[in-house]
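Chain naming follows the written order as A, B, C and D, and within any one chain the residues start at number 1.
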Amino acid sequence: MSSLPPAALLLFLAPLAALAAAFFIMRPWKPQWTHVPILISCGVVTAAAAYLAAMVYTGRGADVTLYTWMFAGKWSVPFGVRIDGIGVSVLCMVALVGALIQLYSVGYMKGDPGFSRFIMLLHLFYLSMIGLLVSNNYVQFYLFWELVGACSYFLIGFWSHKEAARKAAMQAFLTLRLADFGLMLAVLLIIVQFRDTHFALFHAVRFFPSMYHPLIGLLILWAAAGKSALFPLYFWLPDAMEGPTPVSALMHAATMVTAGIFLLVRSWPLISAVPGLPGLIAVVGAVTAIFAAVLAFTQTDLKRILAYSTVSHLGLMAFAVGLGQITAAVFHLVTHGFFKATLFLCAGNIAHASGKSAVSVSEVGGLWRRMPLTFAAFAIAAFSLAGIWPCAGFFSKDAILDAAFERGGWAWAAGLAIAAASAAYIFRMLFLTFFGPRPEQSPARSLHEAPPVMAVPVAFLALGALAVGWAREDLVAMLFCGRQSAVAAPSLPELAPKVAAAGLGLAALAAGVVFALTMGAPSWDWHWRRRRPGLAAAFAGDLGWRRVVAGFVARTLRVADVVGRVWDHETWDAAIEKTATACRALSRGGSAMASGGLSESLWWLMIGAAALLAWAGLR
Amino acid sequence: MSGVVWSVSAALFLLGLAGVALRRQLLAMFLGLELMVLTAALALGCTASLSGRGEGFVAALLVLAVAAAEAVVGLVLILRVRSSGRPAETQSLRELKG
Amino acid sequence: MTQGALTILWLLPALGGLAALAGGRFSRWIALAVSLAALAYGFWLLGPLRTGVVAAAPQAPAWAFGIRYALFCDGLSLSLCWLTAFLTAACVVASWKKDYSAGYWAAFLFLEAALMGVFLARDLFLFFVFWESVLIPMFFIIGLWGTAGRRHAAMKFFLFTFFGSIFLLIGSVALVTLQHSATGVWTWDMAQLKGPEGRAGLMIFAAMALGFAVKVPIVPLHTWLPDAHTEAPAAGSVMLAGVLLKMGVYGFLRVLWPLFPRLSWQMLPLLGLLAGINVIYGAFCAMAQKDLKRLIAYSSVAHMGFCLLGIVSRKPEGLVGGSLQLLNHGIITGTLFLLVGFLYDRGHRRGLGDYGDLAGRAPWLTFFFGFTTLASVGLPGLNGFVGEFMSLLGMARTWSIMAVVGVAGVTLAAAYALPAFQAVFWGAPGPDSVSALVYDLDAREKGLFWVMAALMLAIGLYPGPLLRLLEPCLLGLAQ
Amino acid sequence: MIPWFAVFAGSAAVAFAALMITRRSLYSAAVCFLAVIFQLAALFYAVGARMLAFLLLLIYAGAVAVLIVVSINAAQEGSEERRRWNQPAFSRGLIAAGFLPPLLEAVVLLARGGTAPAQAAPIGDLALGLALFGPYAAAAEAVALLMLFAALAVVGKPEASR
């Protein structure tokens, strides 16, 4: 396509320059000002993203190779930039939400000793996420994919003095690493199969059926499941809430976790070519969404509720991809980025105000009077999540419900269940947090509205959660022009009034039921926990899935111990050492012969003589 | 004639050898040793007699002379061992232990 | 590139070593000067290398049985010589503050000379002589200046490798004599030697492969490595892991592949399986270790497994990737051992449980250790990934099952490297932890690691120049 | 025809040699050794080397046996060895038995006028003497020197330690 737009280069150069300035100049000189170059770079990147979106909107995408990264013999891997519909739409969301969250984190992390380290790490993550969205081949995609994982490790474990944070960071990184096993193997097989990993070449992939195809598709699903917390590998996301709230907001709500879905959308031509795979993705998505929604309903910690809600919505997006509706999935990805970030930042406000990093449901209540702005933002985002009409969530969720309705059967039932469940847990959180303090709750005295530097980004994000839905047609248009990336992806289905009514009705019904339950006389939320501690514990342990994971880890460590200690050190190495002692024993035995005693030596003399005589005699 | 002498000297030689091997005191071994040497001289003499000329016996004579010299030295050594306060037994003389 | 030019490359450190021996108080300065000079000269040699790949014909007269003093140099040898010179200079700088005797500095220079010799030797006998002479300085480095159990470790190291090189000698002699009986000409020149076919060829291949396998190390023959590493001084471990392990793989690449082209290709299943075992076995052993240096030693076993995977695949990507991974592993593990060495200088302990929460006390040490751990784990963008990816790609195109094993190894790498980083730098200090003793890096150490970090990042993001240097000489071996 | 003289002498020698080994006390062993020497001399005589038989008796019975008895005595300076190894009074029967065969042989020889029954043709002692100082003079001289040095061994400086 046309030569490289300067804005695309800026996406890389601005953060790199800011990081270099922050690390080498600001950190030694004035650590508390490290956020200045970083925020400037955020602005520049957001502007560049907007410019690129406009460019793609007017039909001019770009796919340019900057330089050849690795090469040997006939094979080579480029390092390049690809600006096309899918990439840019997600890029805009990531750039804007990322910038606002980094502004927010300046306020949130003000007093923290590791302030400059945090800001820089967050910006490094920002850079790698953007790199991931605009990379033009699988190997480069894998580079940023891993970099994002590494940043998440250091950010989740930022407060490294906390035991839980360290454990969560390790769990997150190793789970992502397990998922990346799939992606690396898929990339290798793609190269073996197609000699090149350029995204552009995958349009005509359905015409080269080969035995590796299903394997590549499965591996890509496995990688996406890890990164986007789909069923088997979702458990690291709720624990990742140990990190500071801006981290949870940026990585575990808006950007990083969507990378898996982005991978599925990017490799849609490959996935659609494999017969059963989309169906499997839909099933995995639906199961994850419902399972996580149920768990979200039973959580007590604010951020963990939102974490499970993210898992549920990622399942929803995967469900949409599985149904073949990748445009709906991307649209929901964008809207989800906005309202989930708002929800997390509101939780952040509460946590910041209460001075604790983890706030449980029983430490809040009746906050709408003390934190009005946070309440308003939270309400808008909650409505958007539940899919209530004016907010963005309604449009994107409705698109997915339409697709489910078309597929009919189990998909339609699953769609309705997800709509109802997500409305249920978000309204429970809304009522418990902001409405009249329940007798069991004891909100802290210090809860007050957040300072402006934190309140403004929340307001903007809430505005986004409201307005983005209305930009539905423009987003769809953008997806299709620019580089022809998706293989004849169906356009967004029309808003069928019947489906919309069904969705809205369910959401309202769920809201009423939850209100009755939470605000009722003996508040249901604490009531069933006291009466059924066993059930509560089961829900806390993700219905036994955590024990399965813990078992797997324990078994791996046991295998390592057996191989490392028993086999290697105690048997094999000991055997080799024993050869040494055996030689020494042999030599000691030998020296015993020379005992210096006259009679013994005489005996040996006689034996020797006799032998010689016998030999002489025989010959 | 020579058959008898040879068998006698063989028997005596083995007895001498047994004496050296079995006894622990140095002196007893010494006696066995002397016996072995004399028996060898005897066998030598016997074969010399078969040749019928006198030279054969010169060797036997010289063997006897050497054996005598050796006997003297052996006894002196044994006395020297005893004089250094150690029992003249093979068990106590282990200096050569490897 | 004349023979003389190459002779200088290994003779310079050798003479430097002698000077350092006599240097007394100034020996460390001599060592520094000579190692930097060798490095500079190595880079200067790039110019002449561009013109001719193989050095001029050896002029030296044949000594006896066709043995002659012949050197040659191509991309692979020169890059390994750079690695040797660079790591030696790093070791000298790293152990600057320690009050070692003149012998210590001289030993490093002799080691460098011998290693250069191995990488430049064209005559198989000369190759063997240098191969053996590497053992001597390394034995003294571990034996004299190591930590507590150094004598045992040095002896074990020496005997193990010596056992291997005996087979190497047997194989070489058999090879040359068979060649002589076939062609009537005594020659030890690697270029002219050709491995015999049939059972004899197989026996010779097996003997020489065993000799190289001990050095790589391939799993059953690896148990000298952890002991040697735990007892060697920091700089000793750097050279041991940084360059000595490369000799084994270099041996496969330079001696076995050209001599037995068809046979080595037929041996792919066995060698590939051994490489795969190396990767997985090394990773699991590393996970079970409690001592930091032993853990890094086992991680070296795993990483060398990757190099071997690449080399054995005989595809262009694999060969170039494996060779590049030799350099990468040298830099990464060298840096790791330097860091552990500095940690040991401060806390005199190597156990994982002995430290904890160093992030607060020594931020720069944490930063560099974290950076290098990520490189060792194979984070793309750093140099560990480039070599591993290309090696696995080579293997994927030959025997995809081993590529799956390799990728599993990459995953396991994170499972042993990060818990170690976390236990030492993030974990809560245990009751008897010595974290209080640890103070941050000083300017010299920071400078050293900035160079290492920059190198890792540069090779990770832009490996072009190195790949161009390695590629021409390896494509000939591709199958 | 069976050389009875040699057989008798031989069997006596073997008998006494066996006794010599098995006697607990060294003195008895020494006496048996003496008896064996006599029989050996007889055998030498039977073989025809009269001079050698005589020399054997002269050297061994005369000097070496005495030396042995002296060193047995010297080696026993009191303490329990003496009691355990050799009672001072060794059995008289042994002595008698020891000297009985030589007496018989002497009688037989005298009766036969100096020639043992079935004895090989005696070699001229003169030839022996001539050979000793003729072609083998060097060997004789060497052995003479050897015996001189052996004598010096006896004279050697005793242990400084005592």
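Side notes on the structure shown:
Going forward, a contact is a pair of C-beta atoms (placed from the backbone, for glycine too) under 8 Å apart; a residue touches a chain by one contact, two chains touch by 3 or more.
Predicted model only: the values in this text are computed from it and were never measured.
Taking each chain's centre as the mean of its CA atoms, D is the chain most distant from chain A. Comparing the chain pairs B-D and A-C, the larger number of C-beta pairs in contact belongs to B-D. Among the chains present, the centre nearest to the common Cα mean is that of C. Work out the mean CA point of chain A and of chain D, and you get 109 Å between them. Remark: chain B and chain D have CA centroids separated by 11 Å (rounded to whole angstrom).
Chain B and chain C have CA centres that are 69 Å apart.
Chain A and chain C have centres, each the mean of its CA atoms, that are 37 Å apart.
Shared contact sites, meaning residues of chain C that touch two or more other chains, are absent. Chain contacts in this assembly form an open path, with each chain touching only its neighbours along a single line. Touching pairs of chains, sorted by label, consist of A-B, A-C, B-D. Looking at the complex, you find that chain D touches chain B at residues 3, 6-7, 9-11, 13-14, 17-18, 20-21, 26, 29-30, 33, 36-37, 40, 43-44, 46-49, 51-52, 55-56, 59-60, 63-64, 67-68, 71-72, 74-75, 77, 81, 85, 118-121, 123-124, 127-128, 130-132, 135-136, 139-140, 143-144, 146-147, 149-151, 153-154, 156, 158-159, 161-162. Chain B meets chain D in the complex at residues 1-2, 4-5, 7-8, 11-12, 15-16, 18-19, 22-23, 25, 27-28, 30-32, 34-35, 38-39, 41-42, 45-46, 48-50, 52-55, 57-58, 60-62, 64-66, 68-73, 75-76, 78-80, 82-85, 87-88.
Note for the complex: chain C touches chain A at residues 156, 160, 220, 223, 281, 284-289, 298, 315-317, 319-321, 357, 359, 370, 374, 379-381, 385-386, 389-390, 392-393, 396-397, 400, 403-404, 407-408, 410-411, 414-416, 418-419, 422, 425-428, 461-464, 467, 471, 475, 478.
Contacts from chain B toward chain A in the complex involve residues 17, 20-21, 24, 29, 90-91, 93-98. Remark: chain A residues 67-75, 79, 139, 142-143, 146-147, 150, 153-154, 157, 160-161, 163, 166, 169-170, 173-174, 177-178, 180-181, 184-185, 188-189, 191-192, 556-557, 559-561, 563-565, 568, 572-573, 576-577, 580 touch chain C in the complex.
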